[in-house]
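Presented sequentially are two complexes of chain A, the first with chain B as partner and the second with chain C.
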Partner chain A sequence: MVAAVMSATESRGLRRRNWLTNVNAWLLLLPAIVLLATFTHYPILATLYHSFFSLGRSGPAAFVGLDNYSYMLDDDVFWQVLRNNVIFALATVPTSIALALLMAVWVDKKIAGRSFLRLAFFTPTVLPMIAVANIWLFFYTPGYGLLDQFLKMIGLSGHNWLGDPATVMTALSVMVVWKEAGFFMIFYLAALQTIPPDLKEAAAVEGAGRWYFFRRITLPLLMPTTLFVSINALINSFKLVDQLVIMTKGGPNNASSLLLYYIYEVAFTFWDTTYAATLTVTLITILAAVALTKFIYLDRRIHYQ
Partner chain B sequence: MRQNGYLIETIAAWILALLWLLPLVYCLWSALHPAEYATNFDLTAPLTLENFARAWRQAPFARYYLNTVMLVTLVLAGQIVVATLAAYALARFRFVGRDVLFALVLVQLMIMPDVLIVENYRVISALNLLDTIPAIALPYMASAFGIFLLRQAFKSVPNELVDAARVEGASSFGVLWRVFVPLGKTTYIAFGLVSVSYHWNNFLWPLIVTNSVESRPLTVGLAVFGAPETGVDWSIITAATVMTMAPLLLAFLLFQRQFVQSFMRVGIR
Partner chain C sequence: MSEIVVNAVSKSWGGVGGVDRVSFKAEAGTLLVLLGPSGCGKSTTLRLIAGLEEIESGHITIGGRDVTHLSPAERRISMVFQSYALFPHLSVAENIIFGLKVRRVGRAERDERLKKVADIVGLSQLLDRKPSQLSGGQRQRVALGRAIIAEAAVCLMDEPLSNLDAKLRHEMRTEIRSLQQRLGMTMVYVTHDQTEAMTMADRVILMRDGQIEQNGAPHELYNQPASDFAARFIGTPPMNIISWRDDTSLGVRPEHITLDDHDGVSATIKAVEYLGADSIIICDVKGETVAVRQSGYCSVTTGTKVNLGWQNRHVHLFEKNSGKRREGGLPQ
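For the complex of A and B:
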C-alpha cells in the first residue's frame, strides 16, 4: 500500500522531470536544427521541388513534370561532365592513395630526414586550392611556363597543356593528386602505427622478406583504411572544382568541366536555376549513394574487425 | 644488399619530397625576385619585396584579410556554440525524437552545403543577406561534423564527474560549462584547426554570394586580382598568392604536430 503510494508520487515526479528533460534537450538542439533546416534540409527539398518546374522567365513558373530531367538526359554537356567526373575520380583516387601509402611507409620508418619528409608531403593539404591553382596555372602556361621551359631545356617542344582537350584532365589530375596525397598519408600513417612490431619480428624470424610482409600482412591490415580513404577521395572528386574557375573555366569545350562546376555555370552564368536544380538532384543522389555505401558497408566492416 | 635498398629508398623519398615542395618553393622564388627573374633561376638574383608592395597597392588586400579573419572567427564561434549545445543534448539527454534528430543532423555529413549552392543562394537572397560576411558563414554554422565529434567526446565523459558536479549544485548549464567543455578541449582544438583551415581556403560559395570588396574573402580577392584578363604581372600574382597562403602556412609550420593530428582525428571521426 505504502509502496504503491510512493511509486505513484515518484512516477509523477519522474514524468515531470522527464518533461523538463525533453524541453531542455530540444532547446539545446534548437539552434542547430533551425540552421540545418534552413541551409541543408530545406535546400535539399527545394532542389527536388524546383527540378519539376519551368524557369518562368516570361510569366510564372509552371509545373513541368519530368521535362527538366528528359532535357538533362538529352544534354550532351551533362553526359560529358559526368564522364569527366568519372575520369577525374579514376585518375586521382587510385593514384593519390597509392602515393599516400608509399609516403606513409617511408615516413613510418627510421628514414633520414623523416620529419622533413612528412612536412613536405603534408604541406599541400593546408594550402587554399585557389592559390595552388594559381601556381600550377603558371607551370602549365604554354611557352613561358615552367613545364615548357623544362621541356625546351631537354630538347622537347612545348605544349598547351590546359588548352588541349587531350591533356587538360591529366594536367588537372596531377595537380589534385599533389594536393591530396599528403592528406591521405596521415591516415595510413596512423594505421601503420597500430600494427604490432612483434608481428614484424615474427615474420623476420620466419625469413619473410619485406615485400612479402608488406603484401601479405601490412596491406590486408590496412584494408579498412584504404576503403575509408577511397570513399573520402571519391566524395572529394565530386566536390573539388575551385581550380576550374581559375585554370580552365571547364574548357576547352567542356573538356575539363565537372558536375558541380557545370551546376555553378548553369545557375550563375546562365541563371537557369531550375535546370541547375535538376543537375543538383543528380549530384545529391550520387553523393548520398556513396555515403550510404560507406555507412552500411564500411562502418559495419570496420566495426567487426 | 639491405643497406643498398635502404639507400635507394631514402633517395627516392627525398626526390619525391623535393618534387612535392617545388611548386611552393617556386612560388616563393617568383614572389621574392624582380619579374625578369621569374623563370631565370640565377642564385645571385637580387631579392625584393617590391612584388608584395605592388600587390598590396593594386588590390585591397588589407580589407580582404580583415574579411577572411572576420569570416573564420564568425564561423568558428558559431559552430562551437551551436555544436556544443546540440552535442550535449544528443550525448547526455534521453528525450523524445533523439534518434530522428541525430539522423537529421547526419544528413549534412552526406550532403554538404558546398553542393547546395543553388538553393542556398535563394535562401540567402530571401534573407536579404547577399554580399555580406554572414551570408558566407551561415550555411556552415551548424556543422554536423562538429556535433558528431563533440557528441563522441561528451559520451566518453565518466558519469562520476557529472554526478559530483550535480552534488555541488551545478545546473545543466553548469555541468556543461564546468565538466564537459573542459574535457572536450582536444576535440575543440582539432575541430577548430580544421574548421579555420577549411574556411580560410573555401572559395566557390564565397565567390557566389559576394560581389564587393567589403565582403570578399582573400581567396575570392586573389581570384579577382589574378584573373588573366587583368593582365597583372606574374611575379605580383605570386606575391598575392603567398600573402593568401602565408598565415595558415606559418601556423602549420609552427604547430605541425597539432595540425596533422587534428586533420587525422577529424578525418577519422
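For the complex of A and C:
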C-alpha cells in the first residue's frame, strides 16, 4: 500500500522531469528549426507546390498535375544539360579526388618546404569561384591567353578553348579540378595524420612494401574520407555554376550548360518560374538520392574507426 | 644460428632520452629479457634491433650478418609492439596472417598455421572480430599471434603481456617460453615486471637511464646484485638497504632476516602485511625501514620491540656514493 503510493508519486515526478527535459531540448532546437523551416523546408515545399501549376501569366495559376514534368521530359535542352552535368561530374569527381589524395600523401611526408607546399595546394580553395573563373578566362583566351601563348612558343597553333563545343567541357573541368582538389587534400591530410605511425612500422617488420601498405592499409583506412569527399564533390558538381556566368554563359549552344545554370536561365531570363520549379524539384531529387545512398548504403560498408 | 649482438649502440633525441653505448649479446635460441623502470630505454633498444629507429653509433649483427643499416623487413624478425599496432579495419584472422600474405604463403598453409596459432593465443572463437570489438588483453594476444605465426628465427616482444590478468599472464608466459624453446627462437623480451623476467629469462639485462646496470642470469641478479639499484629492483619486497658505515650501506633480503628475542639489531614493528603464504613485517630501525618476511600468518602487534638477526653470508655491501657492489662480504 505504502509502496504503491510511493511509486506513484515517484513516477509522477519522473514524468514531470522527462517533460521538462523535452521542453528544454525543444527550446534549444527552436532557433535552428525556425531558420531551417523558413529558408529551407518551406521553399522546398513551395517549389514542389508550384511545379504542379501553370504559369498563370494570363489569369490565375491553374493546377496542371504532371504537365510541367512531361514537358520537361520532352525538353531537349533539359536532357542536354543533364547529360552535360553527368559528364562534368564523371570528369571532375574522380580526378579531383585522386589528385587530392596524391597531394595529401606527398605533403604528409617529412620533406623540406612541406608547409609551403600545403599552402600552395590549398590556395585555390580560398579563392572565390568568380575570381578563379576570371584567372582561367585569361588562360583560355584565344590568341593572347596564357595557354595559346605557350602553344605558340612550342610551335603549335592556338585554339578557342571555350568557344569550341568539343573542348569547352574539358577546359571547364580542368579548372574545377584545380580549384577543388586542394580543398579535398586538406581532408585527406587530416585523415592521414590520424593513422597511427606504428601501423607502418608493424607492416614494415612483416615485410610489406610501401605500395602494399598503401593499398592494403592506408587506402581502406581513408575510405570514410573518400566517401565524404566524393559525396561533397558530386554535390558540388551540381551546385557550382558560378564559372559559367563568367566564362561561357552555358555556351556555345548549351555545350557547357549545367542543370543549375539552366534553372537560373529558365527562371530569370525566360521568367518561366513554374518550369524552373519543376527543374529544381528534379535537381533536389538527384541530390537527395546521392545523400541517401551515402547514409543508407555506403555507411554500412565502410570501416569507421 | 641467429644470435643478436648489440655493440656500443647509442641513440638519443637531441641529447636526451634513448640509450647510451649499450652492448650485449643474446645467444642463439635463448630468451633475453630487457628489464627496467619506465623510460629506461627498453623499447628504444628493441626498436633499434628491429630497425625502426636509426642508429647514431655502434652496430648490430643478427646471426653474424651486419644489419645496422638494413630495413626492418631485411632483418627477418617478428615483433610485438607495446601499442599492439593492429590494423583496425582487418579482422583478427587477417591481422594474424598479414605477414604470411605479404610473403605469399599458400592459402592451405596459411589456414593451418592460423588455426595452430589461434589455439595457442586462445582466439579461435574471435577470428572474425575487428580489433575494436576486443578487450585490451584480447588485442594483445592478436599482436602476439601475429608475431609467432611468422616463426621467425628472431622474435622481439615489447611488454606483450602487460594487459593480461594474472592467470592468463601466467599461462601465456609458459606458452611463450615453451614455444621459444621448441622453435629454437632467439627472443628479446621487454618487461618491467621482474617476476616475468626471473621466470622466463635465460639472461636478464637490467637497464637504467639508457645504460645497462647489470647483465646476468636471473639467479645472478638475485644473489649478486651489481648495485643497490639492482638490489632494490629485483625481489618483492625489495632488498633492505640501510647505512652501515660512512661510505658503505648494507643490504639484506627480507627473507634472510629473522626475528630474535635478545640478539641482533633492535627494531620497532610498524606494520604487518599478510600475503597468504607469508607475512611482511615492516620494522623501524633507527629511522630506516626494514622489511622482514615470515612464513605463514604472523600475529605481532605494532609497536612491539623486536631484535633482527641475519647471517653474514646473506649480507651485501654497496658503496654509498656510486651504489656499486663491494665484493668480499663482511670483514668480521
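In this section, the second predicted complex is superposed on the first by the 262 of 305 C-alpha atoms of A that agree within 3 Å, B and C clash if a C-alpha of one lies under 4 Å from a C-alpha of the other, contacts with A are read in each partner's own complex, and residues count from 1 in each chain.
By definition in this document, a residue touches a chain if its C-beta (ideal position, glycine included) is under 8 Å from a C-beta of that chain, and two chains touch if they have at least 3 such contacts.
It should be emphasised that the depicted structure is a prediction, and the values quoted were computed from it without experimental measurement.
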{"item": "Contacts of A:I263 with chain B and chain C, given as first, second, both or neither", "value": "first"}
{"item": "Chain B versus chain C as contact partner of A:F122, first or second or both or neither", "value": "first"}
{"item": "Partner chain(s) touched by A:A203 [first = chain B, second = chain C, both, neither]", "value": "second"}
{"item": "Touching partner for A:V241 - first (chain B), second (chain C), both, neither", "value": "first"}
{"item": "A:F183 touches, of chain B and chain C: first, second, both or neither?", "value": "first"}
{"item": "Which superposed partner A:N24 touches (first chain B, second chain C, both, neither)", "value": "first"}
{"item": "Partner chain in contact with A:D76 - chain B first, chain C second, else both or neither", "value": "neither"}
{"item": "Partner chain in contact with A:Y212 - chain B first, chain C second, else both or neither", "value": "second"}
{"item": "First (chain B), second (chain C), both or neither touched by A:L221", "value": "second"}
{"item": "Contact residues common to both interfaces of chain A (with chain B and with chain C)", "value": "none"}
{"item": "Residues of chain B that touch chain A when the two form their complex", "value": "9-10, 13-14, 16-18, 20-21, 23-24, 26-27, 30, 39, 81-83, 85-86, 88-90, 93-98, 101, 104-105, 107-123, 138-139, 141-142, 144, 147, 172, 197, 200-201, 203-204, 207-208, 218-219, 222-223, 226-227, 234, 237-238, 241, 244-245, 248-249, 252-253, 256, 259-260, 263-264, 267-268"}
{"item": "Complex contacts: residues of chain A adjacent to chain B", "value": "21-22, 24-26, 28-29, 31-33, 35-36, 38-44, 46-47, 50, 102-103, 106-107, 111-113, 115-132, 134-136, 138-139, 144, 146, 149, 178, 182-183, 186-187, 190, 228, 232, 238-239, 241-242, 245-246, 260, 263-264, 267-268, 273, 276-277, 280, 283-284, 287-288, 291-292"}
{"item": "Chain C contact footprint on chain A (complex, rising order)", "value": "196, 198-199, 201-209, 212, 217, 220-221, 303, 305"}
{"item": "Residues of chain C that touch chain A when the two form their complex", "value": "50, 52, 71-73, 77-79, 81, 83, 85-89, 98-99, 102-103, 130, 132, 146, 150"}
